[in-house]
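Scroll down for the structure; my scribbles are underneath it.
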Amino acid sequence: MQKSINLRSFLTASWLGWQIESNWTDPFLFATYSIIKPVAGAAILVLMYSIVTQGNFDSPVFAYLYLGNAFYQYVPAVLTGVSWTIIDDREHYRTLKYIYTAPVNIPFYLFGRAVAKFIVGTFGVVITIAAGVLFLNVPLDWSRVDWPLFLVALFLGVLMLALGGLILAGITLMTARHSYYIGDVVAGGLFLFTGAIFPLEVLPGWLRPVGYILPITYWLELIRRSLVGAVAEAFPTFTALSNGDLLLILAGSSLVFGIASIFIFRYCDHQARERGLIDQTTNY
Amino acid sequence: MSQPLAVKTENLGRIYKIRNNRKEKQRELLALENVNLEIREGELFGLLGPNGAGKTTLIKILTTLLSPTSGQAWVAGFDVTKQPAEVRKRINMVSGGETSGYGLLTVRENLWMFAQFYGIPSPEANRRIQKLAEIVGIADRLNTKSSDLSTGLRQKMNIIRGFLTDPEVLFLDEPTLGLDVGASRDVRSFIRRWMDENPHRTLLLTTHYMVEAEELCDRVAIINQGRVLACDTPARLKQNLRHEIFFQVWVIAPRLLDDYSFLQIPGVKHFHQFPEEDSLRLEITLEEEAVLSEVINEFAAQSARILRLEKREPTLEDVFVQLVGQRMEEVENVTVSAN
Amino acid sequence: MSLFPPIEKKRSGWQLFLMTVVGRSYPRVVGMQRERSWMFFDVFLPLLSVAAYVFVYRAIGAPEDYVGFVVVGGAMTAFWMNVLWSMSSQLYWEKEQGNLALYIISPAPMMAILLGMAVGGLFATLLRAIAIIAVGSLIFNVTYAVSSFWQLIAVFSLSMIALYGLGMMSASIFLLLSREAWHLANLAMEPVYLVSGMYFPVKNLGFWAAAAASVIPLTLGLDAMRQLVFASGPTLGFLRVETEIGILIILSIVFVTAARYLLAYIERLAVREGRLTENRR
């Protein structure tokens, strides 16, 4: 019974999320919209790189930064997808209180609502990578991709991000609607620590530990290793660790993270009910 | 020249173009048709009609939020489409159930903010807020965050917002929505006092509560499906019904009665039945008293036992029934297509 | 005694304009007082993402002045975010909540309402910009060499006027659209960062692309500011500072005037189509 409620919450919410995400315009405009944002984001880095290096796209540094940035798009997409739902339902559609009173599992509902953003995010990732391979010599050789490793890492990573989104959703329950997407700013902040666009060695020593704590760091390294092994080898950060070690660390830290996120969400949720914040509107 | 007009509409009409989804073809929905109204300065004017009749649409046009698709309208002497800025200096509007203002601000702060938009200096604004709050009875809640207010308190805040700026013409769209009986009564007496105090104030109010229109308004327009069916003082509207006799009857019957056989009786104009807890209430309109005996015979024929029978004065509800042929709560506003 | 005395004197004209700006900025200022969580999310985290771009330059061995470029660009991003999120997109929420209709029927000018929203958010924006500049100097050792203080003030003020004018123009589409406009505003982040040269000298886009990008006031504003505050600035600049100031003056006038007319025009359009009060989608 419980299981079916979770599944139903997730599926219904996925459907709803997709309707909301895609229905505001015709498919053509929607596709354009989904492409422009990631491509512009990548182009900033490409230009920065090419200005300084006079267009030396063959260096592994470039592939490192390009792929890291491409996959990092999942971070804001999933974090925002899960957490923004609270604001959208609470202050815009004003349905949060009905969701709360319905037999719905809230975390699963939130995950479901994030699916649409995940799909759009995937679209962005694919487009970015395709552009890199076609125009910028990103050394991605399909025959040498370690698919099982890639898929397992991707799955674990997205799961971990969704749980992270749950923490933010909890925080959102207790805070006002500000003018930004909490998921996006948090992702923007963590960009610094996770070795997405430069190896951790570049950071000053006292900042590096933050990167070693974050599961995202290991996730991105695994993605790089599975797609472009040679590039990953060029950077020494994790050479001491095998793929298995990394997977174990990712799984382990995701687990810890997951447990923490469930407790944090429960705590915030409890606080929000206690203080009557479930149906507040905080426009200001 | 007679008294100046606060509101005037001339063949006013509004058609909405609607489309349920992107693929569907556009349809047209006739929300207002050929509305001609003249509201004098100093009048408390009511618009009475069922859901979807077009009341809010009319108010939106008069408050410069929507332009008409045909005809013209003037408020305080200014054309609502051509001189909106002049109109806006002189009006205010409150809608029932609105969620305006900012949740993080207190009631006082919200009201002060709106006063700023009308150029009312702060000391004066604060004085007026205090006073209005005392009259409406929320003075002790002025420092509550507006997100923490109950529906009724919130509506009282909205109502204060409308009166705060001392508009020449005030539009109230279902002002007592969400208020309990006592609070509605307070609001009504407040409205009446505001009007009585200054003969230059004009107020246009929409409602679907008969009592509200009857008790409060100098004149009432009955509106249905976008058309104004009648417009006069409540007394005169009811005058038209002076040839009819209204009975309210409570009976105990084994099942719902057969309307048709009652309407067959010559002289029976309307027959409506409402199941209540342990009896059946009937609203019957007759052309002359003599018909009553036949009606009573029909009760016996359908084995209904009479509990109580009373003759009553006509109400606006009866006026509505006479005009539309249905009771207000029965009107199903099916979408009217313009073509 | 009269219970509802008439109002002695209602202000109008520029007094009403100012009162409206103050009135609408009040909830933002107070709201931020009552809800402090924005400090972390709106000041601290963006600081980190600017730092990320600094380290990219370090990683690929760029000249140190590029670090300064990113810092100044990052600080100016804050203002663009203010325009987009506190002014344009905020109108979407106002509409959904029913406030927009009340603003429209009031005698207050729409530009004053929009300005009020922006001014209210300006405190957070300034804090963020200052924090980025401060961290840039303290942690990344960015050294500034201001060549003309007055020109710097002029460039900054002009870019702001033009930028907020542009913001008001884009806000006008929110009168007509709702969720669509929200997405458009969202779309105006990365592409604008790209073409306005937030993180690199705009000259590198090539002359024509840079010229086209100059329509966004940030582009020339940033370029001129960088020329004025960094030693190597002038060599990487796009046009001469004086020329850029001239263009910024034109942009300011054009955008502010256009915003006025566009707001009035779109309001009329929205009134005709009945879009001012429609909500929930």
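Structural remarks
Chains here go by letter, A, B and C, matching the order in which they are written, and residues are numbered from 1 within each.
Throughout what follows, a residue touches a chain if its C-beta (ideal position, glycine included) is under 8 Å from a C-beta of that chain, and two chains touch if they have at least 3 such contacts.
The shown structure was predicted, so the numbers you read here are calculated from the model rather than taken from an experiment.
Chain pair with the larger contact count among A-B and A-C is A-C, by C-beta pairs in contact.
The central chain of the assembly on a C-alpha centroid basis is C.
The distance from the centre of subunit B to the centre of subunit C, each centre being the mean of the chain's C-alpha atoms, comes to 45 Å.
With each centre defined as the average position of its C-alpha atoms, the distance from subunit A to subunit B rounds to 52 Å. Each chain gets one centre point, the mean of its Cα atoms, and the points for subunit A and subunit C are 27 Å apart. Of all residues in subunit A, those that touch two or more other chains are 176, 281-284. Among the residues of subunit C, those in touch with two or more other chains are 27, 30-31, 34-35, 97, 99.
Shared contact sites, meaning residues of subunit B that touch two or more other chains, fall at 99, 102, 104-105.
On subunit B, the positions that touch subunit C within their shared complex are 16, 60, 63-67, 81, 84-85, 88-89, 91-93, 95, 98-102, 104-105, 109, 112-121, 124, 128, 131, 135, 163, 165-166, 193-194, 197-198. Those residues of subunit C that touch subunit A in the complex are listed here as 27-28, 30-32, 34-35, 37-38, 41-42, 44-49, 51-53, 55-63, 66, 81, 85-86, 89-90, 93-94, 96-97, 99, 121, 179-180, 183, 186-187, 189-191, 193-194, 198-201, 204-205, 280-281.
Across the complex, subunit A meets subunit C through its residues 24-25, 33, 36-38, 40-41, 43-45, 47-49, 51-53, 61, 65, 91-93, 171, 175-180, 182, 185-186, 188-193, 196-199, 202-203, 281-284.
Against subunit B, the residues of subunit A that register as touching in their complex are 26, 176, 276, 280-284.
On subunit C, the positions that touch subunit B within their shared complex are 2-4, 6-12, 15-16, 19-20, 22-24, 26-27, 30-31, 34-35, 97-99, 101-108, 113, 268, 271-272, 274, 276-277.
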